[in-house]
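A, B and C label the chains in the order they appear, each numbered from 1.
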Amino acid sequence: MSIFSKGRVAFGVIAVGAVVALAGCSQADPTAPDTGNAGGGDSSQIVVGSFAFPESEILGEIYAQALKAKGFDVQTKFNIGPRQQTIPALQDGSINLIPEYNGNLLAYYDTAFTQRTTDDVDAALTDAVAKDNLTVYSSAAAEDKDAYVVTQAYAQANGLTSIGDLSKVQPFSLGANPQFAELGYGIPGLKSVYGVSDVTFVPYEDFGGPDTVKALTDNTVQVADIYTTSPALKAENLLVLKDPENLIAAQNVLPLLSKSIDTPELKDALDAISAKLTTDDLIDLRNRVEGSEQASASTAAADWLKNAGLL
Amino acid sequence: MGNFPLVVDLTLNHIRLSIIPIVLGFLIAIPLGRLTLTGRFARGTVITAMSLLYTIPSLPLFVILPAILGTKVLSDTNLIVALTIYAVAIMVRATSDAFFSVSADTKQAATAMGFSAWRRFWQVEFPLAGPVMLAGLRVVSVSTIALVSVGVLIGSENLGYLFTNGKQRNNLEEVGVGIIATLLIALLFDLILVALGRILLPWVRVDRAARRRSKRTTALAPLAAGDSAVAGSEGRS
Amino acid sequence: MNLFVNAFAWIFDPQNWQPGGVSPLPIQDRLLEHLLYTAIAVVIAAAIALPLGFYIGHTGKGRQFVIGFTGAMRALPTLGVLFFLTMVLGSLVKGASGVFWGTIVALVILAIPSILAGAYAGLESVSRPAIDAARALGMTEMQILTRVEIPLALPLIIGGLRAGTLQVIATAVIASYAGLGGLGRIISSGIGLNDYDRILGGAILVTVFALLVDALFALVQRVTRVPGADNGDRGLRSRRRASRPETVVETPTRERNVTA
């Protein structure tokens, strides 16, 4: 009789299952943040977070290094994930500052938002984030937008210049992050604003990174969401489709922070960065980190800060 | 090599995340392994339960634990608990075999000499079970260190970052550095364990040398061949 | 309990099984993909590892190498190897097949050690008298291998395949981060959307899948066991006494020759 007799297997399964069931009476949603801003101990310590793609890490480094130079107590916690993870992190105090993009941030709080220009979006944001005890500072001129991107060859072959032209090439495949299938400027917006609905969505985990670009150039997908500061746009001869209906709002970089660390000194320091940051800067920084140089995010950030006289 | 400080940071964190499961796994597996001696039912149930736990793939286990432990999805605790579970699963088998390998005669002799059950366990069974347990510990060590990097997918800061960041930037070198660093840590831990073995179990070398001498004189080597019966050598994923 | 209930509700929600859903749905597509990757990788790995294992087990040559090799392979971080190979093959091969073949190569490499170990351990466990008798009867080496050694070693060989298959299933879950499909997609998209029902649902699906495959292999192992082939516990115990510290230790999924 093997040790794996039916009785023992059953007992073993029940034993494991019982432990799971008994212990598993956790009602708390593991994806929701802790209620009450617990935060970690020191309330004057700044914890800078970032999204899980290089540009965000660079921006996080810029904030962190500039603040350190100004004498703030700074910790970093980069590459957390998409907004669905960073906002809960802000809410439960694991981080209290993060470089954000105004349009998509507003979209996260108000899926039906109608503001599209930088000023309108900024104005609406202060109220929108206040309910989570958060606030925003001035936005920079630097913008990095989601974009519907195709190869030049594909565009020329099918006469595509704007997003609306995509209705000519239905059905097609579109590659983007999983969130894109649910967001207002993503698949649902493509349908409601431009009337393009026969789309096969192919998710990629790399936020418009190498996998997504490769899928586009290999024609695994015909359209992809690649951000406007990506070095790949130039390197791979890609075309950003025009957006006349303003499906995608302004996406200026701005600091999102917890009200508990809001001080005039912090505002001055971060506003100084926003005043100097341009879209071309973002493209350059990304090129240094993601292109052939493969510089580290902290080096690229430090160099930019020195050039801007902020370090 | 401006990236050196980053790699060092990640390595230190990686080591920290590896040590706890290895040590805890070892400690928890000792009583569990000893338990399997008490009867066929105990042995069967424990081995089956461990087998089932070990079969659960890693990423799923990392994200199932929040439901059981009440942790956040992206918490390091999930990683450590999961790695400990795997460590225990591997180690229990080794400790069970190790205790089984201590001959009944030896145990009886100890009892006859007046050892209490407690003393007998710690001063006779445990040391004699040492070599096989050490072998199991080395397997646990290597597997744990390799598995820690998967934790980066749930936000853990360890050498796995070099893999995801390297992929994000199309930087093959970065990924390679991560693999090599992981292998080096595994090697380091293994050397430490072997050294610990030499110090704590000095009689093994004498025993081995004697057996090697006697082996040369036997016509068949079925025992030696059967010894290294191996099978369970997969890395975990 | 609530969370598990929600997760099961998500799994059994008929909407998630609707064909034509947005990836990672429908579930059955991801299940089939996962099965496909696993099957291809295991078959290729077996084609390489089994003959090699049989050779080493039968002739006894290269044992030390194999022990060292399997031990070293265990130290490889699967995520790193997966990304490394998908990046290399992705740049060599055009199109989505680059990622696909990169992943398959990684899965094959990770499965080979277990299958190899199972094969040669199985052959080594066959009783010497049986082999000697076969030789005395005038069988050729090949005949001994195929008619005596392999049939007697079947449980261990299948045990190695079992471990290898589970390794592949588990690694394929992570492969979704390398751009591949499969059940891992459900979990990764759940993490991306911060949707715990989906995360847990995906995790449960993979776990059940793994457990079922494991049980299937266990059944086959049981069926192929040859009674009275000197695979008894007694033999095991006597070998144990002489076990050396370098013994590469089993993991629990290997229910080796334990009869009770």
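Note that a residue touches a chain if its C-beta (ideal position, glycine included) is under 8 Å from a C-beta of that chain, and two chains touch if they have at least 3 such contacts.
This one's a predicted model, so the numbers in the text were calculated from it and none came from an experiment.
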Note to self: Counting C-beta pairs in contact, which chain pair has more, A-B or B-C?
What the structure shows: B-C
Notebook entry, point to check: Greatest Cα-centroid separation from chain C: which chain?
Noted result: A
Checklist line | Centre distance in Å when chain A and chain C are each reduced to the mean of their C-alpha atoms | finding: 37
Check: Taking each chain's centre as the mean position of its Cα atoms, how many Å separate chain A from chain B?
Finding: 39
Notebook entry, point to check: CA centre of chain B versus CA centre of chain C: separation in Å?
Noted result: 19
Notebook entry, point to check: By residue number and range, which residues of chain B touch two or more other chains?
Noted result: 40, 44, 47, 51-52, 66-67, 73, 164, 167, 170
Margin query: Residues touching two or more other chains, restricted to chain C: which are they?
Written below: 3-4, 177-178, 188, 191, 194, 196, 199, 255, 260
Next item on the list: Among the residues of chain A, pick out those that touch two or more other chains and give their numbers.
Entry: 3-4, 24, 26, 30-31, 81, 85, 211
Next item on the list: Would you pull the chain B residues touching chain A in the complex into a rising list?
Entry: 2-3, 6, 40-41, 43-45, 47-49, 51-53, 66-74, 155, 161, 164-165, 167-171, 173-174
Checklist line | chain B - residues contacting chain C, complex | finding: 40, 44, 47, 50-52, 54-61, 63-64, 66-67, 73, 89-90, 92-94, 97, 100-101, 103, 131-132, 134-136, 139, 142-143, 145-150, 152-154, 159-160, 162-164, 166-167, 170, 172, 175-176, 178-179, 182-183, 186-187, 197, 201, 204, 208, 211, 220, 222-237
Note to self: Quick check on the complex: what are the chain C residues that touch chain B?
What the structure shows: 3-4, 7, 60, 63, 67, 70-71, 73-81, 83-84, 86-88, 110-111, 113-114, 117-118, 120-121, 124-125, 127-128, 156, 159-160, 163-164, 166-167, 169-171, 173-174, 177-178, 184, 187-188, 190-191, 194, 196, 199-200, 202-204, 206-207, 210-211, 214, 235, 237-256, 260
Check: What does chain C use to touch chain A in their complex?
Finding: 1-4, 22-24, 90, 94-96, 98-99, 176-179, 185, 188-189, 191-196, 199, 218, 222, 255, 258-260
Margin query: Going by the contact rule set out above, which residues of chain A touch chain B in the complex?
Written below: 3-5, 8-9, 11-13, 15-16, 20, 23-24, 26, 28, 30-31, 52-54, 79-81, 85, 92, 206-207, 209-211, 289-290, 294, 296, 298-299
